[in-house]
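Provided herewith is a single structure, encoded as structure tokens, for subsequent inquiry.
The letters A, B, C and D name the chains in turn, as written, and every chain counts its residues from 1.
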Amino acid sequence: MSAAPEVLLPSSADEAVSLFGDGADVTVVGGGTIVLPELTYGRLKPTRALLLHRAGLAGISRNGSTVTVGATTSILDLSRERAPVGPCAANIADLEIRSQGTLAGNICAGEGPDAPRGDLQGPLLALGATVRSAGQGGTTTEPLEEFLPKRRSRLLLDVSFEEPAAGAFAALGRPHTHDYTALAVSAVRAADGSIRLAATGVGWWGTRLPSAEAAAGDPEAAGTAALADVTLHDDALASAWYRERTLPVLVRRALAQLEESA
Amino acid sequence: MKAVGARLPRYDGIGHVTGRTVYVDDIRIPGSLWVKALRSPSHHAKIVKLDTAPAEAMKGVHAVVTHKDVPLNVYGHLSALGIPGDEPLLAEGEVRYQGQPIAVVAAETEELARAAVEAIVLELDEQPALFDVRKAFDADAPKIHQWGNWYPHFEAEMDRRQIRKGDIDAAFDRADTIVQGVYRPAAIEHVPLETQVCQVVPEPSGRLTIYSCTQALYFSMGVVSAHLQQPLNKFKFVGGTVGGGFGGKVDTATETMCSLLALKSGKPVRWRWTREEEFLCSSTRAPWHMEIADAVTKDGWILGRKMLTLHDAGAYARFSPYGLTKHSFHHTGAYTIPNLEFNGYVVFTNRVPTTAMRGFGVTSVSFATETHMSRVAKVLGIDPFELRLKNANRIGDTSPNGITYTDPSTVPTIQAIADSLGHELPGEYRAMTPARREGALLPEHLVDQLGNPEAH
Amino acid sequence: MKLTVNGIEREVESAPLTPLLFVLRDELEVESPKAGCQQGGCGACTVLVDGEPRRSCLTPVAAVEGAQITTVEGLGSPESLAPLQQAFTHHYAAQCGFCTTGMIMAAQAYLDHGGTEDREAIQSALAGHVCRCTGYVKIVDAVSAVARGDSFDLTVTAESHDTTNVGGTK
Amino acid sequence: MAIHKGLGFSAIEYPTGMNQNGDPSQAWIKIKPDGRVDVFAGTSDIGNGSKTIQSQIVAETLGVPYDWVTYDNSNTDSSPVCTGTFASRATFVAGMAVKKAAEKVRERVLEIASKELEIDPADLDIVDGEVIAKGSPQKKINVADVAAAATWTYGELLTGTGAQLKEYAAIVDPESGRVDLPPHSAISYAACAAEVEVDDETGEVTVTRLLSCYDVGRAINPTLVEGQIEGGAIQGLGLGVLENCYPYYPSVEHRGGQFGAYLAPGMEDLPQLETLIIENPSSDGPYGAKGIGEMANNPQPPAIASAVYDAVGVWVTELPITPERVLRALAAKAEPRREGKVVAFDDELSINTVGNGPVRFEVAS
């Protein structure tokens, strides 16, 4: 029988960073929506658990056109943001999970047992977001794309991005609210007019779609081009065959939305 | 005030809305042990080694039960209906589906019970598995069940359920068109909000009080009594208030194992399945494979039906032969078809055994036959309402197994839907009733099937 | 640590990571929140934490230290039913009853936050709550009726919003 | 992109009671000294409302108010045999048992009342908890007073038992499947129309309306009947378009253990539901009732499948009708095989194509 884990309750961001240290043997608990079932089912047996709810890491701040979102900001709060973040957040789970789940939990979650997690990776990749995180080597800031592979070993502090000129989000309809989104595409027109696209549900974490971006002027072509940017898989929600059919559709729909919002 | 026909409030409604209704998991019994199961990780394997000693040696573990502890390990739940037993309470020598219980433990905490399960030594020799019912009959199909790959114990030891009526060959010869199709509804979960749950208290009198979420108190008591080889007065089942069932809680999934653990440990035990156990290890509604060929005339009479059904029973027979029989009795749906050839097989596969679920045996055949009726209507270019009304069973018509219908309501229910949709029916269809066939509604091919409703 | 449960301050000894659900059920013997899935998927364990609906199975008790917890026991009793409890009774919104207590708490939060009788808004607010018995119609009826300010005769039950009983004895 | 609307239709029947019968239910009833009624039966209430329905049947049969009735199904020491709550039997079969028990008790109440009123029992009736003389309702005695008299004056227990068992219907000819008796208690009927919207680019199917009509025999409690029909409709919707334990059946790969992977219908899946009820009484059910609990999830899947065909011109005959199956069908644009007078759909799914064993689906001619 394992001993009860040591529970760490930091009351500031600095204390959280210090308690996290190099991250060895630390299980981070944000909203609890992903970690708690793992504990209940006995799959996760932490030695030290870092609870972040009092660490002052929640909140959305704006500095000029730069938006910074704290790690424990709720998904519900993000659902009030503009596209693509807002509609993506609003599409996650249900009201109660959205108000409990956090940005960092969504981004840093491990692979789900049945399907990919981390719906917010898509819009934030499209926005070119950067992540400030702590852990081995101190506090660093890096693009989300570079952070994702190491997301399980670092303490995410906040995420920043530039407000886009326009944003769009297109997803397969979730048959119901408990489901993860099988496939979604986020589109952003940056202030400089460039278009960026990213998808979730095309692998175990979010992916930028550079080939599709290059063809963004022609939505049909962009949709087809997107297939070159992804590795498709079967899971409980959808097959690779189905994702191959619908990714171009969602790219086209996201670009059309972007056009309409211009 | 009249009670029947009145919109009276639920007898237990106030309890439900105030949180006062007591479900099995709400009963607090001091000193209760937690139960967890060692389940097969394999779809099909021989058990090479099973050593429970490391679990039994753990402090706080009070009992471990395997097949050796069960007085009657294999008991046929429907033996009264002539369906012999094939399923062990706890696996012995072989496992045939992922999630099959092999051993159960009772320990002082849930975490300890889980650790005890992990401590049991299990070595398996993987065997080829069978998942596709259509390949079960192939010469090279893996043999997965002691009875063969399909159930062989219908009446007169037939290996299939048959229905024969009229002259099927003549009907197919006479037909203008033969419409064929294949229908395959899925396995689904019951998803009661309350998972399987049970508590058993060994009483000083030597009796067992069994708090059960069963849908069938006496049925489940009979099952426990048979496995334990003890008379009914050894048991008091307490229940009757169930957090949803939909058929899945006709299985006596937890009560027998908990009783054995309570007897062996001398302590009260409780077992609440996790939702994952419910999704991955509990029985499901069966997936079915159904092929239909209808012999039809160009003016929309169904002269005959051939049907093949493969009922994917999963690893053991459980209630499947009963379900297939019910299915066969209803394979003409709400219509009268005078010439029939039905063959149905209960096929074993290495998936979780399937069981009763709302509409047992008939949900599948309703899907197949009604989708097929819509196809027939399209192929013939006939209005789907009219096709159905024409062939609807009526007073005096006879069922697939020769029973005369006395009060069929196919006609009025179809008419009500047509009316409500604003679907215009021709006068003769609007005027139709369930009355005994005559005139244009009694063509020659339906004369011989008529029975006498007064005979019932 | 301390919690205030249905207005009464309670001392809690469970380990800090224990889900609030099991603190309530096993330690404090407040049993209306149900362990329907322990994975946040069903809503049978929803309680109010400082007025906000929360899945108690996903909430470590340490995260709600000092909070006001409200369960259905705190809404009303058989002798003095809260409006939602009356509405669920009158509209026959509970069949097996296992989802009911979580459903009522989510509905209470919806109404407390100014929710209206709009059926789609109710469906959206309660979307995470699985009911396998009712088909949801009568649940939406009940919440809508409270939002509208209906009063309820508990000696009879109501017809469904979407149901037309056109048929008599033929 | 286009959203296509479609309408589909189905009609079904379903038996009440265990197939081939042989499923007993029993009940016993006793009256307390103040006339209040204790019913003991073994029927589990799984949400279907058997406690309510059986209490209503007892109240009606005895002629006492509903709130005089206490219903106890809590344990096997006090409750007699009930085969269980399944096979749509809790109202019809188990309901008959409590009705018969209540009829016995009614006779006992009238016997005692007859002594008190000095009127022949045949000339008495029980209405709203009072025994009244037929034709002269001023001559009456409260059931409470009858019960008190039975207890304290006559030294008798007002009690009665009832049992319902329909004889087992044996298959007398296994070749033809012929039975010697009706193998059910009653048959109920229903019809259903489904309206759907199908997205031809993603294959997504939205069920927008389910209109159904049921012959319920007699609605003992119309609200509970609606509850069964509505709950069944949503389960039928789940069967039709959402639920699947094995997403790649017959493969067992990717079977999910979470609500996130198993798509039980949620509140936002709720379509417009409309229900029409016909009451065509059964000849031998309690007060003409039939059992409709189970059949309530049977008519929707075929109606939805036909509606999808109506919308986009493809037959998806594997359930559930997932977006992927719709897209695959649209991509295949399969036409049935036409050979002589045979029009054969779905050849690729047939055992004749997939298997090579002795069991074939032979369609001669």
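Keep this in mind: a contact is a pair of C-beta atoms (placed from the backbone, for glycine too) under 8 Å apart; a residue touches a chain by one contact, two chains touch by 3 or more.
Here the structure is a predicted model, which means the values were calculated and not measured.
Chains that count as touching both chain B and chain C, per the definition above, are A, D.
Centre-to-centre separation of chain A and chain B, using mean CA positions: 42 Å.
Work out the mean CA point of chain B and of chain D, and you get 15 Å between them.
If you average the Cα atoms of chain A and of chain C, the two centres end up 30 Å apart. For chain C, residues that reach two or more other chains under the stated contact definition are 37-39, 41-42, 92, 95-98, 124, 127-133, 157-159, 166-167, 170. Counting partners per residue, chain B has 6-10, 12, 191-192, 242-246, 274-276, 412, 416, 420 as the residues that reach two or more other chains.
Multi-chain contact residues of chain D (touching two or more other chains) are listed as 45-47, 49, 213, 221-224, 232, 235, 255-260, 264, 266, 268, 274, 276, 278, 280. Chain contacts here are complete: no pair of chains fails to touch.
Within the complex, the chain C residues that touch chain D are 37, 39, 41-42, 92, 95-98, 123-124, 126-140, 157-160, 162-170. On chain A, the positions that touch chain C within their shared complex are 4-5, 7, 9, 29, 31-33, 36-37, 39-41, 46, 49, 51, 53, 93-97, 99-100, 176-178.
For chain A in complex with chain D, the touching residues are 112-115, 172-173, 175-180, 234-239, 241-242, 245-246, 249, 253. Those residues of chain D lying in contact with chain C across their complex are 45-49, 213, 221-224, 226-227, 229-235, 258-260, 264, 266-268, 270, 272-281. Residues 6-10, 12-21, 23, 25-26, 28, 190-195, 242-246, 272, 274-276, 412, 416, 420 of chain B are the ones that touch chain C when the two sit in their complex.
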